[in-house]
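Two complexes, one shared chain (chain A), two partners (chain B, chain C).
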Partner chain A sequence: MSHFQRWALALTLPAGALMLAFYVYPILQVLGLSFSEPTPGLGNYAELVTNPAIRRVLWTTVQVTVPTTLITVTLSYIVALAMVQMAPGRRRLAMFLVLVPFWISVLVRAFAWITVLRRRGIVNSTLQDLGLIHKPLALIYNELGVVIGMVHYMMPFAILLLYANLSDIDQSVIRAARSLGARRWMIFSRVWLPLSLPGLLVAALFVVIFSFGFLVTPALLGAGRVLMVAEYISVQISNTLNWGVATALSTSLLVAVGLLVWLATRHPALRAALEGGRK
Partner chain B sequence: MQRQTFQQDAFDIARHKLKTGQLSRRQFVAALSALGLSATIRPGAAHAAASEIVVCNWGGAAIDAFRDAYGAPFTKSSGIEVVVDGAGPSTGAVRAMVEAGNVIWDATDGGMTDAAVLGKGGYVDPIDYSVVDKSRVGEGMAAEYGVANYIFSNVLAYDATQTDGKVPAGWKDFFDFDKFPGQRTMCKWVQGQLEAVLMADGVKPEDMYPLDVDRAFAKLEPYLKDIIFWESGAQSQQLLREGEVVMGNIWHTRANLLRKENPDLTWTWENQLIFASAWSVPKGNPAGKEVFEFINSSLLPEGQVTLLRAMGNGPTNPAALALMSEEDKAVYSLAPENLKDVLHVSAAYYAEHDAEVQNRFLDFISR
Partner chain C sequence: MTFLTIDGLEKSYGKVRALERISLGVAEGEFVTLLGPSGSGKTTLLMSVAGFTEPTAGRILLGDQDITRLDPEDRDFGFVFQGYALFPHLSVADNIAFPLRVRKWPRARIQARVEEMLALVGLEAMARRKPAQLSGGQQQRVALARALSFGPRMMLLDEPLSALDRSLRDSMQQELKRLHRETGVTFLYVTHDQEEAYAMSDRIAVFHRGRLVQSGPPREIYARPANSFVAGFIGGNNLFTARHDPHSGEIDLLGRRLRLGHLDPGLHCADGKVTGWIRPEALRPGPAAPGELELALTLEDISFAGTGDRLFLRSPDGQPLIASQTSGPTGPAFRPGPITCAVHPDDIGFLPARQT
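This part shows the complex of A and B:
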């Protein structure tokens, strides 16, 4: 290690100490609670497996997460691909429009979707006025509403990730394909898509991990009918004082997320995409 | 919830810095206004311990209302400032604070059930009835770990334009979808929900507890698709205001706000489900025993009527009735004319069964 590297390392120590004190230590406490509350042992983890209500909560979480991820990544890919090819001025405008919802609180966005999607909301009343439907569609207070809200929340994140990845792709490769006579679809399927696959997977991973933690959106747009894991944990911590089960569930989620990220870093291309670009 | 907890923490940090001289008063005030907290506390009193009582409630308009109704009279008689923090004293929050040995609340505003649950867990001190005068509250309102500070109800609120002007007669009509077609809203938090279902199914108030949960689920099941479950009072209000639902099982305070906005949105007291809210004192509270003087003062009828007028939260002191106008009585759960076929929700039952029944309910409605 050079003199400079030792100095650089020393400079990270305060941040490292802060992380240990305010992040790692509380997480270890949570881990400890899962083995000690209300009685020492593995009882809480046994309950995660045997309690049918918790199984249903986890299944609901999967049922919401899968479509959310697929839709978010697909739509975001389209937007990101378009942005990469835009002229700089337009691209700035597009980037601004992507970032606007990014800055609005999740609570406000959930209430805004309620206004849009409710039975007397703008979507239903427009469709009814046009005579396309006779009864209002159930767009909200079910899994559909939760997916809509979550996709909207996740898209700016996914677009930014995919945009970074796509703009790293060497444009001379595209020009080469074109000069060799490839048509649009061929360029997309044989050049863009394979080169952006690691970025797509990283964006998907990101959406999946975030979806596990969604609390406000399912609570408001699901209105009690869509109980996801983060809300379940929150109820056990704040209301029922079932801290043992809540911490066991949190710990398991943390491990699951850790495993997903670890698996992703096994693959060199994914690792490069996770670390942000290949330069 | 998360945001409030964060602000809570930030407030705590700033206050500590002020006390230890790391922040000047002016910096402290600036930090608070940056956190959006300037309206909730009185920094002027923060430097001298035990010269203030910190009360925690659920925020919103209740911060000012508590300050006027409970805080001002006590400050006037004792010279001790009362600070109202709206962070929401959930049982989980109180437990976390007590276990961390970093209690900043002197009195918390929770349900009678919360008081009993926290008492059983050893997170709150017993109410000191040598200071707090039991005779200032009605029967059954002075428990070991909580003394009732106000009364509220779950009522049947309805949209008269959607019921064609008909007044629903209690929970039987709430679940009569032929007579009153359209969606309903109920609360996700179970207390007062299954009681309404069972009353509609013919269970008499005196036979209500222990709750027959299976019977309630069987009755509720066919209607689930037409019920939207609210989790915050604001949400229940929005659902009725926007015409999404015909009827709701909501807090009478929210129903009262709705009626003030639009007289077509109103409620019936018939079959109301009555709850007592309670003060509890977290173990190791900063002001120590002095908090009981505050609690005793908060049970005086004048302040309680002030709270009723501001929020609709009803007095627990029977003497308050004599101070009320007809208008006041119209929003008071315990006014004699409002007590037709009502149920007093059992805090004792929920102190034992809340966690279990709550989880079964959430699981049931989300299937």
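This part shows the complex of A and C:
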């Protein structure tokens, strides 16, 4: 190791120490608490399986995560595919519009959705004024509202991931397909889709992992009626002070996410897409 | 009978004119090469024929069908791309079968055709491989087989050999010629490499700054370049300026005052200046034989060029010239300094003055 390399390594020490003190140590503490609070043993993990309230929360999480992931990835794929084929000027504008939501706090966005979707919100009043519906639709404070809010939050991330993946696809391959006689649908189903499958899976994985940890959006748009894992953990810690179950649930969540990522890296194309670079 | 007709084709990108009123006819079964440096418009023309670039004005006819606005997928042209553009997720066989599946050929016919194409390009053993497992030359053969498999009305090739190394390029040239001969398909080929153009083409169209400056058989282009650009671009020609006296018919040429019989008296040279050229291989060190012209030059440098030596010379009036010489294993016996060279008057060409 050269002198410079030693110094460079030394410069990363503060960051490493911070990680150990404020990330690794708390996680180990969480792990410890899950086995020791209130009594030592596997009691908390047993409760995860037996407690019907926790089972309901997990089921709600799945019920929200699956449609959120499918809708987010589908819509984002459409946007990203359009962006890849745009002229440079338009693409810049589209990229700007995709990035705008990043500048608005997740809290503001959730409240904005409430004003749009509530009983007397823009959507319901417009539909009623047009005579299309007689009673306001229940668009919020249920799973539908949570899914809408989460899709909106996740889309910019998924679009950026998919855009990076799709722009790695050689445009001359698409031209080749056209020169060989393939029309739009053929080119999509036989060239774009198979070539972007790894990127699609990575984007889906990303949305799923994020959905597990979602707190603000389900709490506001679900108004306590759509209780997902993250909110349940937060309630256990700050309201009912049931630390044992909360930390056991957190640990299980961490393991589940780790398992998903590990599975994804088993596949070479997925690993390449995860690492985000051209090979 | 003209098969492909390019009629007054123009393409502008804003104020930049990429193609200026190009008209060119290609006969059925002909091998025509569009030759020119990068940015000369040759690729733009090929892309217009393929349908990937929409021309600003003019027409493209195939037989008597106007295809100017036809989508690329409806043209039935086989296109070979510079980077091969194979489908990375499909095997060699599936790549070749792609245009056949698009055309909904029956399964058995597809299989027979794929085998036939694999045999044509000598890749029978590679059918199951993915493109990434092949060498550059093999990938190029797959691209050719894929473009030929569906029986295209014409083949369009965009610098297909530029990514290959030199020795492979030579053998691929032979292979392309063979494929052209065996399939009888019309080839429109783009390259910036004049040797490639000479080796394969029935006819060469030379492009410069968006214009078609000369078209003709390779030997004609080589022997009678139409202007100084073609003369300079083809064959590393020596271009020089001479002064011509229209009254006496005499010419000041590289330090000598001569009468040159074959200098066209009809040439326009109001200012008395003409541009001439001598091929490097026509300029020979040594005393002149009967009928030859002797030039007193200065040898400035010698460089070894594999097939021979290149002598860097200068004329008494200060113009640089290059002579190429085949040499034995001991190298040339020349030293920098004054040197006598000989050239046959027939090997000195002059360009029409108004185009120089």
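One rule holds in what follows: the second predicted complex is superposed on the first by the 262 of 279 C-alpha atoms of A that agree within 3 Å, B and C clash if a C-alpha of one lies under 4 Å from a C-alpha of the other, contacts with A are read in each partner's own complex, and residues count from 1 in each chain.
In this section, contacts are C-beta pairs under 8 Å (C-beta built on N, C-alpha and C of every residue); 3 or more make two chains touch, one makes a residue touch a chain.
If you're wondering where the values come from, they're calculated on a predicted model, not measured in any experiment.
Visitor: After aligning the two structures on chain A, examine chain B and chain C and state clash or fit.
Guide: Once both complexes are aligned on chain A, chain B and chain C fit side by side.
Visitor: Considering only the touch criterion stated at the top, classify A:204 as touching first (chain B), second (chain C), both, or neither.
Guide: So A:204 meets neither chain B nor chain C here.
Visitor: Which of the two partners, first being chain B and second being chain C, lies in contact with A:195: first, second, both, or neither?
Guide: Touch status of A:195: second partner only.
Visitor: Who does A:170 touch here: chain B (first), chain C (second), both, or neither?
Guide: Second partner only.
Visitor: Which partner does A:238 reach: the first (chain B), the second (chain C), both, or neither?
Guide: It touches chain B, and chain C stays clear.
Visitor: Could you look at A:224 and tell me whether it touches chain B, chain C, both or neither (first, second, both, neither)?
Guide: The first partner, chain B, only.
Visitor: Decide which partner touches more residues of chain A, taking chain B and chain C as the two options.
Guide: Ranking chain B and chain C by residues of chain A touched puts B first.
Visitor: For the overlay on chain A, what angle lies at chain A between chain B and chain C, C-alpha centres, nearest 10°?
Guide: For this superposition the angle at chain A equals 150 degrees.
Visitor: Taking the superposition on A as described, I'd like to know which of chain B and chain C A:154 touches: first, second, both or neither.
Guide: Neither chain B nor chain C is touched by A:154.
Visitor: Taking the superposition on A as described, I'd like to know which of chain B and chain C A:183 touches: first, second, both or neither.
Guide: The answer is second: A:183 touches chain C but not chain B.
Visitor: Measuring by CA atoms in the overlay, how small does the chain B-chain C distance get, in Å?
Guide: So the smallest C-alpha to C-alpha spacing between these two chains is 46 Å.
Visitor: Taking the stated contact definition, name every residue in chain A that is touched by chain B in one complex and by chain C in the other, in rising order.
Guide: Common to the two interfaces on chain A: nothing.
Visitor: Using the touch rule from the top, collect the residues of chain A that touch chain B in their complex.
Guide: Answer in residue numbers: 53, 56-57, 60, 111, 114-115, 118-120, 141, 215, 219-220, 222-227, 232, 234-235, 237-243.
Visitor: In the complex of these two chains, what residues of chain A are touching chain C?
Guide: 170, 172-173, 175-183, 186, 190-191, 194-195
Visitor: Within the complex, which stretch of chain C touches chain A?
Guide: Contacts found on chain C: 50, 52, 71-79, 81-83, 85-89, 98-99, 102-103, 146-147, 150, 156.
Visitor: Quick check on the complex: what are the chain B residues that touch chain A?
Guide: Spelled out, the residues of chain B in touch with chain A are 1-2, 90-93, 95, 117, 121, 183, 188-189, 224, 228-231, 235, 238, 242-244, 354-355, 358-360, 362-363, 365-367.
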